[in-house]
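Heads up, the next two complexes both have subunit A, just with different partners, subunit B and then subunit C.
Then we have the complex of A and B:
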């Protein structure tokens, strides 16, 4: 297999110069001698249009790549389409990209329901569906969906990391979990089960759930305290996370409190709950926060700032969306570099799943991107951070999730 | 230009709609046209209620969601073929529409608009509700398989689905045309324009209003079913307020109280957002808004009025 591919790559390089259509056994779509066409969907309009900056970041990033001569002599043509965060629209736009525009592959399509809607289709068409913008765990399922791969750490990985930390630093702790009764919340239970393994029942005294439609989680918080737990995990979206922080503080209860990084926003969670009530809460991070003074003179972030200054001069430098975009685009460029001159769909997928300890300037020091034919979770490491009363402060070493 | 209003026109239009896309459209374009058929049924459903009967609904997306989920659950959990789910969806949606029509009797104008709006707001959350999760798939939704053409017909999946939706659509459009042309249609319009006079003439307003609601819900629900089969996926967040407003936009742009307007409104809501996206990535919403204002300014009676103007016919509806 290896042999044939490298042979094809060499043949492809020779043929590229002579403009004779290559007799590929592999599927070569959307790639010419001068261009690689890739597709992307994101909400530029609608309820989630705040994510639109990611698409602007991508467009600017590939403009810079092209200004510098492109990759393997080819310019990157990113076709970025608006889906308004509506899954039916995503299906339509992705079909346009695949069937009409004939893109080589899809890159960083955004949204969990949106990607769910297209996953079956793109896998049946064997179109690489790379580095999605969603934190769900299900994108790492090579057995059923060999053409789909995520990027950021999944909620499940995050929970594995908390479990690892608890086992190491608080052996014998009694853990109570509060989770939102949906995919997002349940990923944390799954992650805890991976992390604690056979000791799950020993550590976790009780799980409590709530509905997104519930008014408050006060009664759950009271019951959690009654279990005698000294460590708690809150896997809840911002509104409920803020309620939980407030209630725990009101009850004068002082457990070690782990909080999903979905709800680590200072503006949406900590400030409404009261910054002084949240002191000591632990969450996790994998990327550098553009507002954190720690990175004011960081080489990686300076690289990003220089890019922003030249290509998106009007962009908001506190918007994490641009940082995210820079990180995921850098990952894609490494994959394309590894492709050599063979940009067939098969080789693209092969290279996307053979990234080794890739340094990304916008990720926390020590966190790298690695994939393999059995590991479709590119980022599996995170670092913990603690709320000091004013800001999140990183501490401890980089922790890697368990399992693949 | 009498052509557009002639009796033969709907038949010619239908024949063209069957033949031309099959000959010339790619699978992707067929998929878009299938969605136009789906949306035109939904817009027609709303038009019967709001355009013809004067009951403003900002919540028809809820019926669309019920239809979509009925089909999804019957296909996914009970293994029913896609076509067999349509009657269930029609009956269920008509029932729900009738029930919602009852309190709507007491509400008029803005209050009814607000009540139906509440329905649209509540729908995604109800679909996520824990008790139904085994059926609805919760937030994750339900993924469906795409039907193949039956009887070994030499058609692609998209071609077949287009024809199937077109057939259902043609049936519903014929039904609506017959309804609004006859006694019932006159009664519906009379209630809209002069409720007191209508009642004095012996029209049972309560009965007509609730049945129109049921009819509207049935049309919209069937559209939802066809939409679910076409998209192959249902999830709660696809059925929020924006969907209901989209139908409303389609109805107004196409032209209230107009059967043909529903098709034009559907073309608008399917294609104009794409055009807006082409024009500006930074603010597609603003471009869409401007286009909408331009349309309303130039054609206050909707796209259907363009045909009336062209054919020089006075509005009779």
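Then we have the complex of A and C:
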């Protein structure tokens, strides 16, 4: 009896001993001598399926990488799954990617609620969760979520940039804010608070919220006008943004109108609201608009067009989703290049957070990607643009957000 | 003070939206004694049919006049094909089917017409808004249409034999059958009429809140509150209820509870009415012998 117990104890100790060094060494999952497995989720179906083109872009991009020999002798195997934009489905798919498919890391998973649903899980599993397709500010929180990093400028950064512009060009303005009562809308309030600093109460006369379940925002628009504001910010998804543009014009109210770039789509917002009603509205951009004639002969956009012609010949060249995909994939390739031959999860995360002034062909001139172990916001600069009645026109300099 | 009056006017304008959808709810309730949760989605689908016709080059009123009968047929067909086999099933089974219909219409519309927001034309002219910019021509015109629909429904139930038979079929199917009312046909007719009224409501709502597959999600709840408040058995009550909900929602949001609790206010109205006066302000309390 004694003998057996001591035998078990010895075996246990040996097992434990053999495990200790493994826990300290780099974790190498999903990488072989010939392949790197990458996980991705996106709505190919359901209400947000318009985003599906981004996934299509990624697949084509990595096909080109593989056709050219891959990276460090390895081919990229992108496993891109449909989550229908439903967070529970995202959780299911990401668990499958991490536990069954054993991917090296997750890349560009789409959607704020979807990424919120998986963030804790992937951080507890220590799986790199890279360059997300959402503009919420919370993806840059290395202290609590060291395995998650965003990509595009956050809504908070965007609001900081508007605040900077207002303080410089409209000192003494009275600002009213309409925001969607969720993570997305509230980021703009936070950004305004960063941007205006101690003068917040001096500038912002009142904030008005609405719920996505509301039928209209007419009541809020009426209240906003009654505050006597001469500058307004609309942080709303396309349907409510279009309603707001029309209501402001119906009321014959002519404030300086800032609009979240989430709702700057010409097809989904400006056209339904009426292009003539939107004249003078200001929003911001960080990437090149494929429909803007300014970039008709731009080297960076020509590079993208050549890629489209060869790999997605049937793709819609006016769809910004493909441009977005090209930019974020280019960022990933630089990260993989920096990894050398060490594709452990630790090194992947280390390289993802040490990108220096990276040039991306599809970003506006002067805007670059930079990260550091304390800066998990890769793109922090934007340029303002104004609706002329026919198109968005860029103006002013590149402005950088104020927050850390 | 100006702001207060503007809030009321703007409340009446959104109340008009709720009232028109509330009418469709009253119609289906009068005809079947059920509340069809898919009513809003069916209306949204009909609106897409109208938009497709308009984009094909038809003038607005022609598209309008085709869409309403087409919606009638779709509504009646749903009753015959989907609801009829369930006529003897418990009410929960019907509720399940209503929710199924809701999801089906929503997804099919997204699949066929995409989820992109679409502008929907108004027949009342785009001209300058009236009353200081707070009521657009469309809102005024659509309120008039709602009143016309209301009058027709009221007259239909009050003065026609068919209307009486329909109410009887919904209220007491067994006795109605005994006195010779073709109950199944009445139910199909009720579904058809409700779908037709829903189509009108959809076409009146879409120019204001823009057309997308989720257009009716927010509206239906407020419409439901309006219908219950006024009395779901009374078309006039439902319309008045719709307007009251619109005004309460605006004033409450602007001055009392804040914009965050607007939806809660609507739900609160539903609960209070169901507890205090289940028949609604203008509804008749129905007593049935068992």
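Note that in this section the second predicted complex is superposed on the first by the 380 of 404 C-alpha atoms of A that agree within 3 Å, B and C clash if a C-alpha of one lies under 4 Å from a C-alpha of the other, contacts with A are read in each partner's own complex, and residues count from 1 in each chain.
Criterion: contacts are C-beta pairs under 8 Å (C-beta built on N, C-alpha and C of every residue); 3 or more make two chains touch, one makes a residue touch a chain.
Small disclaimer: the values here were computed from a predicted structure and weren't measured.
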Quick check on the superposition: with subunit A as the shared anchor, is it clash or fit for subunit B versus subunit C? clash
So, does A:181 touch the first partner subunit B, the second partner subunit C, both, or neither? both
Which partner chains sit in contact with A:100 here, subunit B, subunit C, both or neither? Use first/second/both/neither. first
Check whether A:373 is in contact with subunit B, with subunit C, with both or with neither, and answer first, second, both or neither. neither
Once chain A of both complexes is superposed, is A:56 in touch with subunit B (first), subunit C (second), both, or neither? first
First (subunit B), second (subunit C), both or neither touched by A:197: neither
Between subunit B and subunit C, whom does A:396 touch in the aligned arrangement: first, second, both, or neither? neither
Name the contact category of A:219: first (subunit B only), second (subunit C only), both, or neither. second
Partner chain(s) touched by A:211 [first = subunit B, second = subunit C, both, neither]: both
Touched partner set for A:86, first subunit B, second subunit C, both or neither: first
Mind checking 2-10, 56-64, 92-100 or 272-280? I need the stretch of subunit C that runs into subunit B in the superposition. 92-100
Which parts of subunit A are touched by subunit B and by subunit C alike? 46-47, 49, 181, 211-213
Which subunit A residues qualify as touching subunit B in the complex? 44-47, 49, 52, 55-56, 59, 80-82, 84-89, 91-92, 95-96, 99-100, 112-113, 116-117, 119-121, 181-184, 211-213
Which part of subunit A faces subunit C closely enough to touch in the complex? 46-50, 181, 208-216, 218-220, 222-223, 226, 238-239, 242-243, 250-253, 267-269, 271-274
Tell me, which parts of subunit B touch subunit A in their complex? 26-29, 31-32, 35, 125, 128-130, 138-141, 143, 227, 231-233, 235, 237-238, 240, 242-243, 273, 276-277, 281-282, 284-285, 288
Per the contact definition, I'd like the list of subunit C residues that touch subunit A in the complex. 2-3, 6-7, 10-11, 13-14, 17-18, 110, 114-119, 129, 132-134, 136, 208-210, 212-214, 217-219, 221-222, 249-250, 253-254, 258-260, 262-263
